[in-house]
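Two complexes, one shared chain (subunit A), two partners (subunit B, subunit C).
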Partner chain A sequence: MADLLTHFVAARVPGTLVRDGRLQALLVIGTFLPDITGKGLYWVLDNSTGSQLVTHSIAGILLISYLACLFVEESLRRPGFLLLAAGMAIHVLVDMTKDNLGAGAAMLFLPFSLRGQEFGWIDPENVVLLVPIDLAILAVLWFLERRGRRVQ
Partner chain B sequence: MFSDRGWLLKVAATLGLLALVLSVSRRRIAIEYPHIEQMAFFNESMRERRVLLWGYKVRALDATGFQINTWVGPMQVLSTHPVAVGDYVTVVARPAGYRSVEALRLQINEGFGWKRPLNYGLSVLVLIGYLWLVRRRFRWRIQDGVLRGKF
Partner chain C sequence: MFSNSLYRWKLGAALAAIAVMGVYASHRGDDVNPELWRCVAQPQRWDDTRLWLPGARIVSVRDSWYEVASGDPEATIRVDGAAPGKPGDLITLTGNFRSDGPRLIPERVRVLPPRTRLRWLVEAVSVAVLLVVLANFGRHFLFRPKLLQVEGAPRG
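After this line comes the complex of A and B, so read on.
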C-alpha cells in the first residue's frame, strides 16, 4: 500500500471540485477504505490470504462503498455512494502505480479472475518518498482554497 | 436502493455478498498462490503455482541462493541474483521442492527497515488527523442506527 498521505492528496485534489463539505469528506474517506477494511479483515479474521486484494477489487469497491453509504443520511446516500466508490477507485489507481514484479498491485476482477494489474512505475517501498511532494501539493491547495474563500 | 426502507436487510445482504466474495476469492488465491509455509508440505501439484514473498529478510547465503525465515522454519530461495545477509527482498517464485522455491523475479527493498514503519506511522496519523478535522461535518446518532448529516 502507498502511505495514506499520498492517497489523501490523490483524492483531495479532485475533491476541490466537490462543493459540499460532507460529500468531499466522503470522497476522502473512500480513499482510506480499501486499506482500512483490508487491514481490518486481516486482523479480525486473522487470515492474510486475499482480504487486502478483495478490498482493492471492483467488486470490493462497489460492495464496501454501498455498505458505507448506508450509514450516512438518506439524502446523501446516492451521491455518497458515488463519491465513496470514486475515492476507493482513486486509491486502487494510486496503488497500481507500484511495481510488484508483474504479480499485480491489484486483482481488479476478483473473484472471477486472479490476474493482477499494475502500471509498475514505482518501487512499492519508495512511495513514502512522495511525502514531500504530497505536502507541497497540500500547501498549494490550502493556499488556493484560502484565496478562493477571500474572493467570495 | 438508497432509501431507509429495508435498511437492515440491505446491510445484511451487502455483508453476506461481501463475505461470499471474500471466501471465494480467498479460496482461489490460496490455491493459486500458496503461502511459503506450505513448501514444508511440498507436492508435485504445486510446481506450476506462484509464491509471492513480500519484504522477507535474507538470513543466510549459500551456493544456490539464500535462506529466509518463516513461521515453520527456514526456507531456501534458489536464486542467482546477488543479495547480502540482512537485505529485505520481494520475490515472485515458483515451488521447487521440499522447503525450497525458485526465484523468478527478485527485488531488493532498500531502506525497508525505516520506510515501512514510516509508511504505517504516517498513515495512522493522517487517518486520525483527517477524521478529527471532519468530525463536525457529521454527527453520530446511534439511536437511528445511521450517521446523519449535521446540517
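After this line comes the complex of A and C, so read on.
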C-alpha cells in the first residue's frame, strides 16, 4: 500500500466524467482493490508473491470486480462491474509505469504466463516526488468541479 | 449474470475461482523472485535463479566484489563486480543467483537516492487517502434504515 494518492488521482481524473456519485465511488474504490484484496489474500495464503500476482492480473481484475459488484444493488451491478474493473485496470497500469529493473510490476496473463510486465518509466523511489503533483491535479479538479456546479 | 437469480451460486463461484487462482499463483509464484534468505539457505535448489532485491544495503566493499544485506529475515550475499556505492548505501538490483559462494551475478543495479528514506511520508499520505475514500464510499453505500423506511412507506 504505497502511493495510494497517485492511484487515487489516476482514477479521479476519468471519474469526473462519471455523473452518478455512487458509480464514481465504485471507480475510485476499484483502483484500491488490487492492493486491498492483495493484502486480504496475503493473510489467507501467507504468500506475498502469489497474492499480488492474482490481484494484478487481467483474470484477477475481472473475477474480483465481479465478486465486488455482487454486493451492490441489482440495478448498479452491470455499470458497477465495468467501473470497478476500470478502476483496477487503472491501478495496474499505474503500477506498471514503475521500473522494477525488468522484474515486472504485474503478471497480466496469469494463469497462462508468469512473465512480469512493466513500462519502466518511473523509478519506484521517485514516487514521493509525485505527491505535490498529485495534490496540484486534485486542486485543479476540485476547482473545475466547483465551477461546474455553480454553472448548473 | 448480474441479476439476483442464483445469487448464492454466483457468489460462491466467484469466491471459489479467486481462491483457486490464489492457490495456483502462490504455488507457481513460489519460484518467482524468491526471498534472498531462502536462496542462501538452500543454494543448490536455487542455483541459476533470477533474483530481484528491491532494497539492499551495501555491507562491505572489495576490489572485485561487494557484499549486500537484504530482506526480512536479513541475509547477506556476495555480488560480483565493482561496488556502485560505499558501505551503508542502499541499492536495488537484479541478478543471477549462483550456488558457488553463494554469489550474485548482477544484471541491473541502481543506487537508491536518500529520498527513499521518505517512504514513510508516502505511506502516511496513503493511509489518509484510504480513510477519505472509504468514508466517501460509506456515504454512498452504507445501509440507511431510516431513509429506506421513508422510501418504502406506502404513498397517499
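Throughout what follows, the second predicted complex is superposed on the first by the 148 of 152 C-alpha atoms of A that agree within 3 Å, B and C clash if a C-alpha of one lies under 4 Å from a C-alpha of the other, contacts with A are read in each partner's own complex, and residues count from 1 in each chain.
Methods note: contacts are C-beta pairs under 8 Å (C-beta built on N, C-alpha and C of every residue); 3 or more make two chains touch, one makes a residue touch a chain.
Computed from a predicted model, the values in this text were never measured in an experiment.
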Overlay on subunit A: subunit C relative to subunit B, clash or fit: clash
Which superposed partner A:L101 touches (first subunit B, second subunit C, both, neither): both
Touched partner set for A:Y66, first subunit B, second subunit C, both or neither: both
First, second, both or neither for A:L4, with subunit B first and subunit C second: both
Partner chain in contact with A:L110 - subunit B first, subunit C second, else both or neither: both
Partner chain(s) touched by A:V44 [first = subunit B, second = subunit C, both, neither]: second
Which of subunit B and subunit C A:V131 touches, first, second, both or neither: both
Doubly contacted subunit A residues - partners subunit C and subunit B: 1-5, 8, 21-22, 25, 28-29, 32, 41, 47, 49-51, 53-54, 59-60, 63-64, 66-67, 69-70, 72, 74, 77-78, 81, 100-103, 110-111, 114, 123-128, 131
Subunit B-facing residues of subunit A, complex: 1-5, 8, 21-22, 25, 28-29, 32, 35-36, 41, 47-51, 53-54, 57, 59-60, 63-64, 66-67, 69-78, 81, 99-103, 107, 110-111, 114, 123-128, 131
Complex interface listing, subunit B residues touching subunit A: 2-4, 7, 10-11, 14-15, 17-18, 21-22, 24-26, 28-30, 32-33, 35, 50, 52, 55, 90-92, 105-107, 109-112, 115-116, 118-119, 122-123, 126-127, 130-131, 134, 137-138, 146-151
Subunit C-facing residues of subunit A, complex: 1-5, 8, 21-22, 25, 28-29, 32, 41, 44-45, 47, 49-51, 53-54, 59-60, 63-64, 66-67, 69-70, 72, 74, 77-78, 81, 100-103, 110-111, 114, 116, 123-129, 131
Footprint of subunit A on subunit C - complex, ascending: 2-4, 7, 10-11, 14-15, 17-19, 21-30, 32-33, 52, 54, 92-94, 107-108, 110, 112-113, 115-116, 118-119, 121-123, 125-127, 129-130, 133-134, 136-137, 139-141
